[in-house]
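For clarity, chains are labelled A, B, C, D and E in written order, and residue numbers in each chain start from 1.
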Amino acid sequence: MNGFSGILRRELRLALAGGGDMLTLVLFFVITGALVPFAVGPDRELLARIAPGIVWIAAFLAMLMGLDRLLRPDREDGTLALYRLADLPLSAILAAKVIVHWLTSALPLILAAPFLALILGMDPQTFWRTLLSLLLGTPALAAFGTFGAAVTVAIRRGGLLAPILIAPLCVPVLIFGVGAISPLGGPDQAGAALLLLAALSLMACALSPFAAAFAIDWGEE
Amino acid sequence: MSLVAEGLACGRGGHALAADIAIALAPGQGLLLRGPNGAGKSTLLLTLAGLLPPLAGSIRYAGHDAEAGPALHYCGHRNGVRARLGVAQTLDFWAGLNGRTGLSIAAALEEVGLAGAAGLDAGYLSAGQQRRLALARLLVTRRPLWLLDEPSAALDTAGQALLARLLADHLARNGLAVIATHDAIAVPDLSVLTLGEAA
Amino acid sequence: MTIDTTPKMRWWDRLAHPGQFLAWTGYLVWPLIILTALLFALGLYFAFFNSPADYQMGDTVRIMYVHVPSAWLSQFVYGAMAVSALGTLVWRHPMADVSMKAAAPLGAAFTAMALFTGSMWGRPTWGTFWEWDGRMTSTLVLLFIYLGIIALWRAFDDQLRAARVIAVFTLVGAVNVPIIKFSVDWWSTLHQPASVFRADGPTMPPSLLIPLFIMFFAFTFLFITLQVVTMRTEVRRRRVITLERKAARETGA
Amino acid sequence: MNGFSGILRRELRLALAGGGDMLTLVLFFVITGALVPFAVGPDRELLARIAPGIVWIAAFLAMLMGLDRLLRPDREDGTLALYRLADLPLSAILAAKVIVHWLTSALPLILAAPFLALILGMDPQTFWRTLLSLLLGTPALAAFGTFGAAVTVAIRRGGLLAPILIAPLCVPVLIFGVGAISPLGGPDQAGAALLLLAALSLMACALSPFAAAFAIDWGEE
Amino acid sequence: MSLVAEGLACGRGGHALAADIAIALAPGQGLLLRGPNGAGKSTLLLTLAGLLPPLAGSIRYAGHDAEAGPALHYCGHRNGVRARLGVAQTLDFWAGLNGRTGLSIAAALEEVGLAGAAGLDAGYLSAGQQRRLALARLLVTRRPLWLLDEPSAALDTAGQALLARLLADHLARNGLAVIATHDAIAVPDLSVLTLGEAA
């Protein structure tokens, strides 16, 4: 476990010290969301109606965009090869990566979400539900994303490829995530969507480290 | 521990670069890999490390207890050193990940001559210093087999002497080593395997 | 083709040489802090005890004394940054780099403050925290630009190179900000009836204007003080980095 | 002029031969747009209303995402340094880059736009207007984007930074672009928006090569 | 044309690596730069090329008509060779960009021994062949000054001979050259400037 927490520490240290990556991601999230009113017009009612969807899509895109920095730097400086020879199994290392990815790209977005909610004119109740659904749903995005990064890490210019590959896989997360906020079928439906979201996140987090480890072991060198 | 490889073929993308290689290393023995550019030295090292699948043949680590973790250290062209992490932090990270079965962090840094730079950002290190840091990684976790790819690259004369001393120590402690290099390594009694002579 | 870069020391070079800068601004910091504190004390006294509450907005009008100066500074700081950028590009002055770097977070902070106080004000006066009004929207975009510049500074390892590139970006931004302002105004007047929520400047009674002006000066001096302090920190930080690198180079290998 | 057309030829050849980059971008565009119905719910009327905005935002994001491949490969293999010593001035080379960027990332999106319009249920008239506004507005995005790529080319891991920097500067393009489609202020306003869009594109294309050349000359090495 | 540099200091990030350098090259003269790793050889070449600003001092190219385009070719570590472009296409591109004032494409490829590979994807070339292609770029556009950074890296013996021949030709045609290298270059009468001796 020493190695596991070591990875968490190292990655968090890099993320906090490192080159404003987290700031860039949060900015991407907020800017993407804030662009929408320019595109659909500053109609308060319309905006409030689509606001949860916008927040989710912006979070979705931002998390996908952050994928490139998850494994590629490790591959480029040779760390990834060493991970494969570490005492800790590769899947445990990748589980740590999932956690770190969530902490460094989902958590900042969730913290920045109130700002976006404010300018999109979300009402407080919807806002809390959005926050809850983001909290439950983003782990699945982090897990799927780590898998996507692992699949594309061996490709030299794979920058946009991981998002493209992963986006279709993540559509259910988006559907349940938004479903948990604006319950067209009433509160029952919203509860069901939240449960499904949590189940999806749990399953994805449990399985993706193994799938990602496979992808790296088979694809590397 | 001893290493035995028989009928080994290695290569990239299904294309064999070197075939029918036989290696037998007893404890305390070192092997130099030589050959022209592109002969497949690096590829062979990666195959021995298990990072590339062998195209044919077998590799056995006799007498190694799999429970005790991986049998080998690989040290390639890329040092695995990241800017914005401290020198001691980097080493501590690897020690935690691989197991603290060797020297302490401070002793290892002292050994490779980086004691004065322990608190520095590793990104400020020159290429030679980064290579020393990579060597220190081999010292904090004890593993019987060292696979070194051009370890002397970027090292100046003092660094070369350091490398030879580390290697001699390791072999004296019944370790094994396979080293791919174009340079001379001042360690006595290394056997030599030359790849790609025909090419 | 001739490249000649023999250093010519002009008086402003000497005055703004990093070492000299630390020396002479050392005498300036405390007077600036005291002046700023006095101005704030005076301004806040006027604002809270010596100005009338608005007949419509009540006591919330007092937010104005923070909101308007910070909104004003959010633009002023960009101007200061653009001038520093010219200093970097035209005179290649190291202190211009430092000034540019110090101003970015300050500008972002003032802009954020304008947004925050504005929306705090908006809640009681027109019932919502945010309206896609032209002025507010362009302030928001300005905040994004500031934050982008900060991210850019953080991404560069070599601060000298960073300064020149960011100077070019800052100047392009300076050309663009008016265009953004125009387009946002066009957009929000197009899409919604002009919201008549603010008093017109000139029609303000003097009892409001005087404290407002004092607060203007207080905020401006706050900016100047913070700017000088941040620049001093930055100069020192760069020295430490230089020393560290030198140490790394000298530890052998 | 020989060198200028040489650059155009080279870049187009690379883009066409090269590794499905263009396909990835188009997929990103379509996927981003197609995610919206999942996020805001399958309300045809609502979708049709926000469709032009969505198409514009998707195009906007896709063009920003394509920035990373514009100058970075040239820098990494040493071509950029040679460009600075070429007979042709750097600004001319960058003007060629702007054109190529438009041809390889805006044009494919415009060609793929009908598909997205179909998914979002846009009516034909709006669709043609959207196409026209994309045609007039994307050159400005290409020009600003090239500038952003030039500013961040010296940064090793600058992937997301250029989009972040450029997006706020491109807000006017988005505003006039959408303004030209859904003329809430009547056809007069739409005409004005189109004119402003064209003016913006012209100005951006004329100036950005010089600004980008400055940024590269001052920031490199 | 002749090159005169006086009191030149060059370095990275404001830190001088080499200072007070004086260079005077008359037509037909070549200069070898030598020195240990990190002495600043590559940095000096970049400064001479105008790609890095000098920290102090001046560089003059006397007798060069600025109208005729840049005075120099720079050939660095990275070859500027891109996969998915043909060999002849690559060369043609550079000729178009820099001006076709030298050999024809075919003649230049012939000269560097790549005539057979003209139609190949440049990404398939080995490192040595890519370096030859980079040298061919110097032949298709005639410029008086060549700045070469480790030109012999990755070249085999035949390649080294080729390089020496090209250099001798260039100097014989009143060209100038500054070459940073650790290898021996078989061209007579090159003057030598050693950097970083004190370090």
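Note that in this section contacts are C-beta pairs under 8 Å (C-beta built on N, C-alpha and C of every residue); 3 or more make two chains touch, one makes a residue touch a chain.
No experiment lies behind these values; they were computed from the predicted model shown.
Shared contact partners of chain A and chain B, listed by label: C. Contact with both chain A and chain D is made by C. Steps from chain B to chain D, minimised over paths through touching chains, total 2. In terms of the distance between Cα centroids, chain A is separated most widely from E. Distance between Cα centroids is largest for the pairing of chain C with B. Among the inter-chain contacts, the highest number of C-beta pairs connects A-D.
Chain A and chain C have Cα centroids separated by 33 Å. Averaging Cα coordinates per chain places chain A and chain E 48 Å apart.
Centroids of chain D and chain E (each the mean of its C-alpha atoms) stand 37 Å apart. Annotation for chain B: residues touching 2 or more other chains are 126, 128, 156.
Contact with two or more other chains is made by residues 144, 148, 151, 155, 161, 187, 191, 245 of chain C. Among the residues of chain D, those in touch with two or more other chains are 19, 73, 157, 161, 164, 167-168, 171, 175, 184, 220.
Contact residues of chain D toward chain C in the complex are 147, 151-152, 154-155, 157-158, 161, 164-165, 167-169, 171-172, 175-176, 179, 184-185, 189, 196, 200, 211, 214-215, 218-220. Those residues of chain B lying in contact with chain A across their complex are 12, 46, 49-52, 69-70, 72-74, 76-82, 84-85, 89, 92-94, 96-100, 141. Put simply, chain C touches chain D in their complex at residues 89, 141, 144-145, 148-149, 151-152, 155-156, 161-162, 164-169, 172-173, 176, 179-180, 182-184, 186-187, 190-191.
Interface of chain B with chain C (complex): residues 83, 113-114, 116-117, 120-121, 123-126, 128-129, 131-132, 155-156, 158-159. Here chain D touches chain A in the complex through residues 19, 21, 24-25, 27-28, 31-32, 35-36, 38-41, 46, 49-50, 52-54, 56-57, 60-61, 65-66, 68-69, 73, 157, 159-161, 163-164, 167-168, 171, 174-175, 178, 182, 184, going by the rule given at the top.
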